[in-house]
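Look at the two complexes coming up: chain A is in both, with chain B in one and chain C in the other.
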Partner chain A sequence: MILHTLNKSPSNEALSEQLSQVIQADDQVILLEDGVYHSLLENNDTSHWLGIAAHVHALNDDLKARGLTSNNSAIKTIDYADFVRLSSECDKVIAWY
Partner chain B sequence: MPNDNKQKPILIVNQSAPYGNANAKESLDLALASSAFEQALSILFTGDGIYQLLPKQSPDDIQSKNLLQMLKALPIYGVEQLYVDQQSLTERGITELDTQLPIVLVNSVEISRLYHDAQTVFRF
Partner chain C sequence: MIFSVLVLGAPYSSGASYSAYRFAQAALDADHNESHNKNHSANHNECHTIHRIFFYQDGIHSSSQLATPPQDEFNLYQAWQDLQSTYDLDLVTCIAAAVRRGVIDSGEAKRHNKLQHNMSTNFSLSGLGQLVEANALSDRVITFGR
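Presenting the complex of A and B:
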């Protein structure tokens, strides 16, 4: 199981494409910094990471800063303690930036 | 140059999200400095720049200043209209912007006119 962190907005399409090529359904994703803007969009496309990943999280501090509340039910709001826990549970962490 | 009504405006284009980098803050600094010198000013929000206009921003926990609160001060400095690219909103699934901002939605023809009517263009 891999933990993927993504810190860029959806307009960085190349980054989303690269992540989509690599990700597997049981991997974990954490959206941080401008990555949390992905929570505004729903994407059930099975060729897009949002449609593939079963476990997508967003950092609460970054959501709150940007005026977002995760009303996207597929995305779980987490804090830094959860970030640490997920990092230790996964085999490795890949930062997409 | 004397300041008169024929003065062509400075156009500031905001195409970056707030907080992820310093662009939005620096753009605001330029806007406030320009208006302090009574320069005619147009401000356009496009692309990820429209994220600056989302309501209820609260960046205390990421140690940033609230940029939305500062944008709300622009009318006091003589910036009466903030132009917003309608298409950028649609692409990002955004339906609600802060209601206290003097927002004017614009299409691609109007955006082109803003660029051509400007004396100087700064993109952030």
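Presenting the complex of A and C:
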């Protein structure tokens, strides 16, 4: 089980595509910084990481800093303590930036 | 659990340094809360330590002592220095990345015949070997990219 962190908005399509190619069904994703813009999307496409990942989380402070609330009910908002906890629960952490 | 953190972005250019700061703070706070409140240890049954925080590429700018943000704004530079002294953290700035960008300590100033130096004494200049060592000795290395 791998934890992927993503800090770029959906406009960086190449990054999303790379993540979609390697992500596994039991992996988790944390959206931080501009990555939280992904929570505006509804994407259940089984070839997109949003449709593949077991759990997708978004950092609440980064959502608030951008005046956003998550539209996507599948994305859970978390704080930094959750980020730390998820980092230790998953076997590896990979950063996409 | 032993964490190390890699910071690749400069304050104001990217969120990397601030996110890394918040992560480090949360990891150390969890540790602190745990030792002081055993009742809540069911969910947080781990003690976290931070082996090293490595500042590389543009991340080195976090170690400048001269950056002076407006007084009514959050001072990330000062926050890193305070976190270092509170927890006695090993904040390492990559020497090759820092010297070429004009962040140098007194030793480098002497070596390169510069009249000034501007690196905070809460940080130390060292090489990439410190990043390799952190990878080898930590359970997780969390990267905060540009």
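We take it that the second predicted complex is superposed on the first by the 97 of 97 C-alpha atoms of A that agree within 3 Å, B and C clash if a C-alpha of one lies under 4 Å from a C-alpha of the other, contacts with A are read in each partner's own complex, and residues count from 1 in each chain.
Just so it is clear, contacts are C-beta pairs under 8 Å (C-beta built on N, C-alpha and C of every residue); 3 or more make two chains touch, one makes a residue touch a chain.
Note that the structure is predicted; figures quoted are calculated from it, not measured.
Participant: I'd like to know which partner A:L41 touches here: chain B for first, chain C for second, both or neither.
Facilitator: first
Participant: Is A:E33 contacted by the first partner chain B, the second partner chain C, both or neither?
Facilitator: In the superposition, A:E33 touches chain B and chain C alike.
Participant: After superposition on the shared chain, which partner residues are touched by A:F83: those of chain B (first), chain C (second), both, or neither?
Facilitator: second
Participant: Is A:V93 contacted by the first partner chain B, the second partner chain C, both or neither?
Facilitator: A:V93 sits against chain C, while chain B stays out of touch.
Participant: Once the structures are superposed on A, label A:P10 by its partner contacts, choosing first (chain B), second (chain C), both or neither.
Facilitator: first
Participant: Could you say whether A:D61 touches chain B, chain C, both of them, or neither, answering first, second, both or neither?
Facilitator: both
Participant: Is A:A25 touching anything from chain B or chain C once the two structures are fitted on A? First, second, both or neither.
Facilitator: Neither partner.
Participant: Taking the stated contact definition, name every residue in chain A that is touched by chain B in one complex and by chain C in the other, in rising order.
Facilitator: 7, 33-34, 61-62.
Participant: Which residues of chain B touch chain A in their complex?
Facilitator: My answer: residues 17-20, 47-48, 51, 54-62, 64, 68, 92-94.
Participant: In the complex, go through chain A and note every residue touching chain B.
Facilitator: Against chain B, the touching part of chain A is residues 7-11, 33-34, 37, 40-42, 61-62, 64-68.
Participant: Which of the residues in chain C end up touching chain A in this complex?
Facilitator: Of all residues in chain C, those touching chain A are 1, 3, 8, 14-16, 19, 22-23, 25-27, 29-30, 43-44, 46, 48, 139-146.
Participant: Can you check the complex and tell me which residues of chain A touch chain C?
Facilitator: So the residues of chain A in touch with chain C come to 5, 7, 32-34, 61-62, 79-81, 83-85, 87-88, 92-93, 95-97.
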